[in-house]
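Below you'll find a set of structures to go through.
Both complexes below contain chain A, partnered by chain B and then by chain C.
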Partner chain A sequence: MNWTWFHKLGSPKWFYEISGRWLPWFAVAAVLLIGVGLVWGLAFAPPDYQQGNSFRIIYIHVPAAFLAQSCYVMLAVAGLVGLVWKMKLADVALQQAAPIGAWMTFIALLTGAIWGKPTWGTWWVWDARLTSMLILLFLYFGVIALGQAISNRDSAAKACAVLSIVGVVNIPIIKYSVDWWNSLHQPATFKITEKPAMPAEMWVPLLIMVLGFYCFFAAVLLMRMRLEVLKREARSSWVKAEVRAQVETLS
Partner chain B sequence: MNPQRKKRLFIVLAILAGVGIAVALALSALQQNINLFYTPSQIAGGEAPKDTRIRAGGLVKEGSVKRSSDSLEVDFVVTDGAADVTIRYQGILPDLFREGQGIVALGRINQDGLLVADEVLAKHDENYMPPEVTQALEKSGMMKHYEGGKQQGYAQ
Partner chain C sequence: MSFDSFADFIAMGTHGPYVWSAYGISLAVLVINVALPVMARRRYLQDEARRLRREESK
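Entry: the complex of A and B
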């Protein structure tokens, strides 16, 4: 396997150039996929036989929950790369992804509560899935707070990396909470080994929404990382040249 | 990979494994407390604590719902296929409540073995379908078969 791309990530300048080329593609894909998925899911997908139209919140809830967990795994991978390979860009990725993940967790919890009231009869219940998801939100808060609280960049990076890696044990707990314990939250509708417990006209728009959310995440993350790279490398000559070029196109 | 990186990678993975094992032990020790509800079999087997508020969960037995004619009181039987628990509840039931539906009731078991609930929540399962599919299933008599499959989810 060719690892040159991985070692090239050590260069912020290379990252800035390559991410500038990828960014528009992710942005366009995110707008298209989320646009199509939302209209299809909210207007054209058939209602559920029991829940009627209230099930449509799944088109926000499930992509947000997927992304919230994937984002945390990404944080842990970035933390591992930062600790083992001492790559500065890993810390940039970790710090910039954490707030996006926290928002996604919040959206998943909020839409879940809104759906839970009419379906279950309660906004919140302390079952394993809901509680572990709340812990995920607090882990994100912890990573964000730790990154801001320590003024030395290298120490902050190390502390956040350790917290991200340790916190990743929560991810399998979230995933399997509905199988290991009796919970109010239903088990997964989608399993890799079985066909989904949902007809295609319902899950195709959901799949589109999930892909759209991932593209949205990639686009927002790249934008945030590019800004952070410029801030951190502000004294280098290529950043000065880049900023000068940007200012000139604006004026 | 150079030896120093290998060492650091090993340390990080060892920490992760340690934390993973610690959490797994803690969770298995707390197994009973994390379960949101007791199944009727567990209650029948005496696993549920007496004289305290507990949650019981299972499927509402077909034909067991008896509504009072002059109040909101309703009696129904919850089953997991192996054992039954009778629940008495006074109040408004969630929209999804019906026979064959999974529910979770919070309350106290009285001397007669009746669970007097002060909260009933509907549990939704992982299956979604359009209403036309349900009608087709009912017409062909497959709905019973499908509903029967759900009971296995509660029989542990």
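Entry: the complex of A and C
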């Protein structure tokens, strides 16, 4: 296997150039997918035979919850890469992904509460799925706070990496909480091994929204990482040249 | 189309307030997530522009 790409990732300059080329594609894909998914899910998907139209909240709830969990796994992978290979970009990715993950967890919890009111008759229950998602939000807060509390960049990177890796134990707990404990929450919508229980006109827009949210995440993460790379590498000559060029387009 | 009229679409059965508040707040959060890095980049470049001008005038 060719590992050149992995070693190149160690170079912030290479990352900055390649991400600048990818960013517009992710942004366009996110806008298109979320736009199509939104209209399809809100206006064209049939109402649920039990829940009526409140089920349409699924089209933001599930993508946000998927992304919240995937993002945390990404934090842990970035933390591991940073600890093992001392890759500087891994810490940039970890620090910049954490706030997006926290926002996504917030969306999942909030839309879940709004959906719960007409469906279960309550905004919140201390149930396994809901509680473990709340813990995920606190883990994100922990990573963000830790990253800002330690002024030495290398120490902060190490501490955040360790917290991310330890905290990833919460992800399987979230995933299996609906199987392990009695829960109000319905089981997974998508399973890799089975066909979805809902008809295609319901799950196709959901799949489109999930893909749209992933593209959105990629675009926002790259935007954040590119700025952070510029700040951290401010002393290198290529950043000075790039900032000069960007400043000129600004004025 | 699963609704008969626009009023029907807004009403969402009896679930209008739930569906629209969930979508509204979520969209606002997505917009915030795009706006923050865009504004941060602008601010950083403006600061850098000021710094560069200062250095050149010295």
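Heads up, the rule we're going with is that the second predicted complex is superposed on the first by the 251 of 251 C-alpha atoms of A that agree within 3 Å, B and C clash if a C-alpha of one lies under 4 Å from a C-alpha of the other, contacts with A are read in each partner's own complex, and residues count from 1 in each chain.
Simple rule for what comes next: a contact is a pair of C-beta atoms (placed from the backbone, for glycine too) under 8 Å apart; a residue touches a chain by one contact, two chains touch by 3 or more.
Everything numeric in this text was worked out from a predicted model, so none of it was measured.
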{"item": "Contacts of A:118 with chain B and chain C, given as first, second, both or neither", "value": "both"}
{"item": "First (chain B), second (chain C), both or neither touched by A:216", "value": "second"}
{"item": "Which of chain B and chain C A:47 touches, first, second, both or neither", "value": "both"}
{"item": "First (chain B), second (chain C), both or neither touched by A:230", "value": "second"}
{"item": "Partner chain in contact with A:20 - chain B first, chain C second, else both or neither", "value": "neither"}
{"item": "Footprint overlap on chain A, where chain B in one structure and chain C in the other make contact", "value": "46-47, 118"}
{"item": "Contacting residues of chain C [partner chain A, same complex]", "value": "1-3, 9, 12-16, 18-19, 21-23, 25-26, 29-30, 32-34, 37-38, 40-42, 44-46, 48-49, 52"}
{"item": "Chain B-touching residues of chain A, taken from the complex the two chains share", "value": "46-51, 55, 58, 80, 83-85, 118-122, 125-128, 162, 165-166, 168-169, 173, 180-184, 186-189, 197-199, 201-202"}
{"item": "Complex contact set, residues of chain B against chain A", "value": "5, 8-9, 12, 15-16, 19-20, 23, 27, 31, 34-39, 57, 93-96, 104, 119-134, 153"}
{"item": "Chain C-facing residues of chain A, complex", "value": "34, 38, 42-47, 52-54, 56-57, 60-61, 64, 100, 103, 106-107, 110-111, 114-115, 117-118, 216, 220, 223-224, 226-227, 230-231, 243-244, 246-247, 250-251"}
